[in-house]
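Same chain, two partners: chain A is paired with chain B first, then with chain C.
Entry: the complex of A and B
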């Protein structure tokens, strides 16, 4: 490469990055050897996976490419929507409707010569451990809690203490409006995504009785339209929140109800916001968070400087406030903790009540849990026959099925792990 | 299943929703309009930003301003693209751009991100512009100026020029090297009607208006059936209980911990059955009685703030007129002797009818007070009409409004005792800022960047005998390692940070940073020193 400039690589290209790779800094680990070897690893051997090609993903891909990563893979299951264009800067109007992963990969390869981006248009769950094992690092820019829990659990499960290569650092970013966070997860070593689940904002949930009987806010009318009226009128037909016709129908129904109850404030934008659970998103916040994720990826891949330990939180609404701290592992974490979670319930609680509690519990966040003990099935959500067979248990008291100190295993189709509860009664 | 019903609904209402459906522009900007609304968007669209230097950091900043749709930008840079630029700047055409002008190469790749943005390249040098009246005027005609990694001397002339007159645009000074950076917004005054603060305005339950009192008085807990009892809105419960407490305690409200607990338990005892959510809510909202703030001290302080001069930005002049009107409103015997009432209620656990009734009461009372406010405004400022929508917005936000006063870039450093104190209180943040300033100073003097030279320069700026904190070693070590590196990730990070601040300055929504924001991307932290 030296003295050999072509349009796909040229002398002086890495002048800026090489200032870091040619010399250690005061907070660089002793194991760092400056010079050609680390550059060669970064540019010719390091394989990195980016999950998500949306708001964070576009930024992440560009930053990694400029930092010198040359073998980048990207997974995304979405197609481009017009509302992405205010921040997802690798997409243009003409790309609306096309898969994000494909368009993003092509854009990066055109703009940053010599970088190979391999896209996969699909779900992370389509891929197995062998696939994830090929990467040195995983950077995650997702807006879905479920997908993050999945990749987190998958990477934790992959760790084989005998094989250091099996530990894949996971760098995760997330944003909401002017706020965001970036974190470094070393599976089984540092706090994992599941360990910090209770830090998430509780999603606003409106009780069904309010929606049905005592609506007060425009949101209640919109929920009435989408949760109660849509299935009543359309039966099994699925509500498609991306279909303007469907949103229009909800908007009309909600407006009518609002008028009837003298409630003000139902708008198209609010209707869409409520049913799609839209989170405000801007280019600048994504840029900050994606940059910190890529900066950590660069430091970890090259050992050129200390890296984030392990959580960076930013609030940009009032000045610039940030907080860097070490999030602690939770020993009862169902993914990386190994200990079962102690749950204390009343002796007269039914299985149904316990399920209700699990669904509401902030550090568990499970949607449709199935319950069993080592010897018997308590309740299964699927398949239908099993659901039917175990349904009578819903009304039974937990204490009739599980002895004091006994264990319940909780599973859910959305989670790639089991949660183990130790039940005590009060 | 129920097919006719849906058709009926569909036909009856097609016309409504087809009118409400957003246009393409609203759809494109949907995720940001949910933050700064149409008013913020139109402020962005009428802004004109000058960015000096087409570095990787500068183009990253611009990218994050072009995407949300600023009106116009000019990118100023006389330099040609070097092989290093082609390697670290996403908004250049790689190898093909080498040797061409940096600004001219970058601008098409930036404007391509959003066709509604007008962008221009200028190949002039800022030093030349600063030397002529015409050039200086050209710079002053922008609404915001952002400068990345300009030499010390240039920064000093530029900041002096823009500080000279109140009507000149704010200046954002950005300096970065390797993993370290700082930035500063130079402005005289930033008046913010919508800071989007997350605190709640008072519902005025400790000083209830007549309609609230009437409702509270009409409640006889024992005379209500269980459903009605479970639907008394919490503000009414609190007003009623506060009045009862006052009657029994010589007109005082619960102040000490013991009394607050007692007040709470009295509400709990009102529950007729377990889990009456309205009473539980009243208990949880007891702070609205015990810590009700009718006139926040920050707002009271603003009353004595004198406007800088009359020649200031017209919207700031209007803000000060509104502020003085607010003071008169609070003092007026016709008014509530506190801030105008908010018209927006939080959700309250009750039935629809009671909620709508309560909401209407608040709206009516707020409307009356807004009318008084407007009356005072027109009497006090008969010849200076303020835009009605601005008045409404101000009245709605009187609990939150802010007026920040800034300072000139570099003026903090003249206050040696402040620096010494800051070194003690914020050692790593202050060290990093001083180290970056020292790097700029060495580069201006043409001195080699070594740890010794940086330390010597820092010491020369401080009173004799000042001890430097250990944290300084981390900063000067990083700067000697990479004194001229514009790292892609640092550039992208700053690109986001500066764009956020620029958006806050332009929209006058949210609160911009006041002081130097210092960034360290080794341990990944940010901090603030030298607040005005």
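Entry: the complex of A and C
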């Protein structure tokens, strides 16, 4: 098939994009071959996954579809709320309550001919490695640290030294009010999300004694209701921040508290904002960050220009400030760092024998290692109770606890973070 | 598509497939197996296979709370260490920085938590509360006022509360050793 035309394309549809793909520029990657092949890959073969169909996701989907990506998948676990409509432009009032992924996919397909958008309404954690393996690229527009950590670890874990196709570039966008960032993560090649976890702003938290005794802000009253009063009244019952009845209860309790301390400003939406940790979303920040993410997706898919290496940050709070730098890999990163060793041992070796071998190994300099598999502890040096509980394992054969090709995570105070062993038996 | 694979060469060690042990899990394993606790603190795991839920017993050997045994519950969620562990004081105690529901006012458990801190720092912080109760960050306001204004009376109330006594109509749990 020729990249210039498919049944749904019309003359000149890709005129502008083709200016970039028909000839090499001064900054194009060495491997770039201009012409039909790259256009064919972009338009007929490249499969891209978009995670999140919210503020960033709507922009990302529109940009990708208009740049010529034609096989787009989208995952989102949320439904549309009326407060989304000011910026999530793929949704209309009639769509309130419907799943974002489904409505967004349908909108894009109606609006941009020839583009197939496959939605999944659910959690990213529902999908396994086989699912993620089918894509060439992943673009994230998420609002949670937890989801980012999960997809990052999943893509890093997927990299198989035997299979080049297993390395999926991850482009991560994020915004908070007027600030945003876009970054390119090449799992196991460049710094990953977990490498930079300590750069994150910590979520705003007020000292608990202020909340309890000297509230001065409406937020203090709301936190008093959610952190102290809810567990006191309802015990172990979990607060569901998506349940209007729960928010209503918090709002009432917080309002009474505010009145008592003569504090103004407790509203229903502030209550919801504080307990869900909502930061006001700015449509134009989303647009800038999504544009940057999609530029990177386009450049990586086509290798038509140098890609971002590897972190772009935007600070729009005071003027327009942006900064691009290379975030370095952290050697002790629990996801992409640490040491990894293939070791081959005899089938009748005990755990104790394996530990002896690790301690004797000159090149890793390990003292008092603790061992576990992804699902259970093998031997812990401390605390005393766990040492005692795992001590019987010392006499067991490693092969009873770990299958062929299985992983053992080793930690020790002498290791910067951890060592992972892949066990094979002779 | 950009040829990323070629950038991987000479990185044999890093190229090895990583285990599916989550980052939080590895971090908890590292924190726990490197705990360096004095004899006044002991951890207990109701289910030794579950590293994310356990208790810590503190038996201060000096200060106003000497002679008591104080148990704290620890609950670590999968977002650790981005989020701090959730810690509660199990018995109802008379202490300026612990309220009657067991909430604890310790800065590193909330506003000053950082991922570079670990379980050891939290545990040492908790023990410190028994050595130096802090009247300036009150959760039990009456206890804090009393500590500030009448130290002897406060000490007397601490001792009687630890035996399961009443203070201003509130009965406290007996925590005597």
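Keep in mind that, in the parts below, the second predicted complex is superposed on the first by the 305 of 426 C-alpha atoms of A that agree within 3 Å, B and C clash if a C-alpha of one lies under 4 Å from a C-alpha of the other, contacts with A are read in each partner's own complex, and residues count from 1 in each chain.
The rule is short, and it goes like this: a residue touches a chain if its C-beta (ideal position, glycine included) is under 8 Å from a C-beta of that chain, and two chains touch if they have at least 3 such contacts.
Since we're looking at a predicted model, the values are computed, not measured.
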| Which of chain B and chain C A:273 touches, first, second, both or neither | first
| query | Between chain B (first) and chain C (second), which, if any, makes contact with A:358: first, second, both or neither? | reply | neither
| query | Of the two partner chains, chain B (first) and chain C (second), which one does A:401 touch, if any: first, second, both, or neither? | reply | neither
| request: With the two complexes superposed on chain A, say which partner A:254 touches: chain B (first), chain C (second), both, or neither. | output: neither
| request: Report for A:320: first if it touches chain B alone, second if chain C alone, otherwise both or neither. | output: first
| query | After lining up the shared chain so the two structures overlap, which partner does A:186 touch, if you call chain B first and chain C second: first, second, both or neither? | reply | second
| message | Touch test for A:212: chain B only (first), chain C only (second), both, or neither? | response | second
| query | Which partner does A:23 reach: the first (chain B), the second (chain C), both, or neither? | reply | first
| Comparison of chain B and chain C by chain A residues contacted | B
| query | Who does A:232 touch here: chain B (first), chain C (second), both, or neither? | reply | both
| query | Across the two complexes, what residues of chain A are contacted by chain B and by chain C? | reply | 213, 232, 299, 307
| query | What does chain A use to touch chain C in their complex? | reply | 29, 31, 41, 46, 136, 145-146, 149, 153, 156-157, 159-161, 164, 167, 169, 186, 188-189, 194, 197-198, 200, 202-203, 205-209, 212-213, 227-228, 231-232, 299-303, 307, 334-336, 339-342, 370, 372-374, 376-377, 380-386, 389-390, 407-409, 411-413, 417-418, 420, 422
| field | chain B-touching residues of chain A, taken from the complex the two chains share | value | 5-8, 10-17, 19-20, 23-27, 59, 62-63, 66-67, 82-83, 85-87, 89, 92, 111-113, 177-178, 182, 213-217, 232-235, 244, 248-249, 251-253, 255-256, 261-263, 267-269, 272-273, 278-292, 294-296, 298-299, 305-309, 312, 314, 316-320, 322, 324
| note | Residue positions on chain C within touch of chain A in the complex are 1-5, 7-8, 11, 13-23, 25-27, 29-30, 32-35, 37, 42-45, 48-49, 51, 78-79, 81-83, 97, 99, 101, 103-105, 107, 109-111, 113-116, 137-139, 141
| query | What residues of chain B sit close enough to touch chain A in their complex? | reply | 1-2, 5-6, 9-10, 12-14, 16-18, 20-22, 24, 26-35, 56, 60, 63-64, 67-69, 82-84, 86-90, 93-96, 98, 112-114, 178-179, 195-198, 231, 347-348, 350-352, 355-356, 473-474, 477-478, 481-493, 495-497, 499-501, 503, 510-514, 517, 521-528
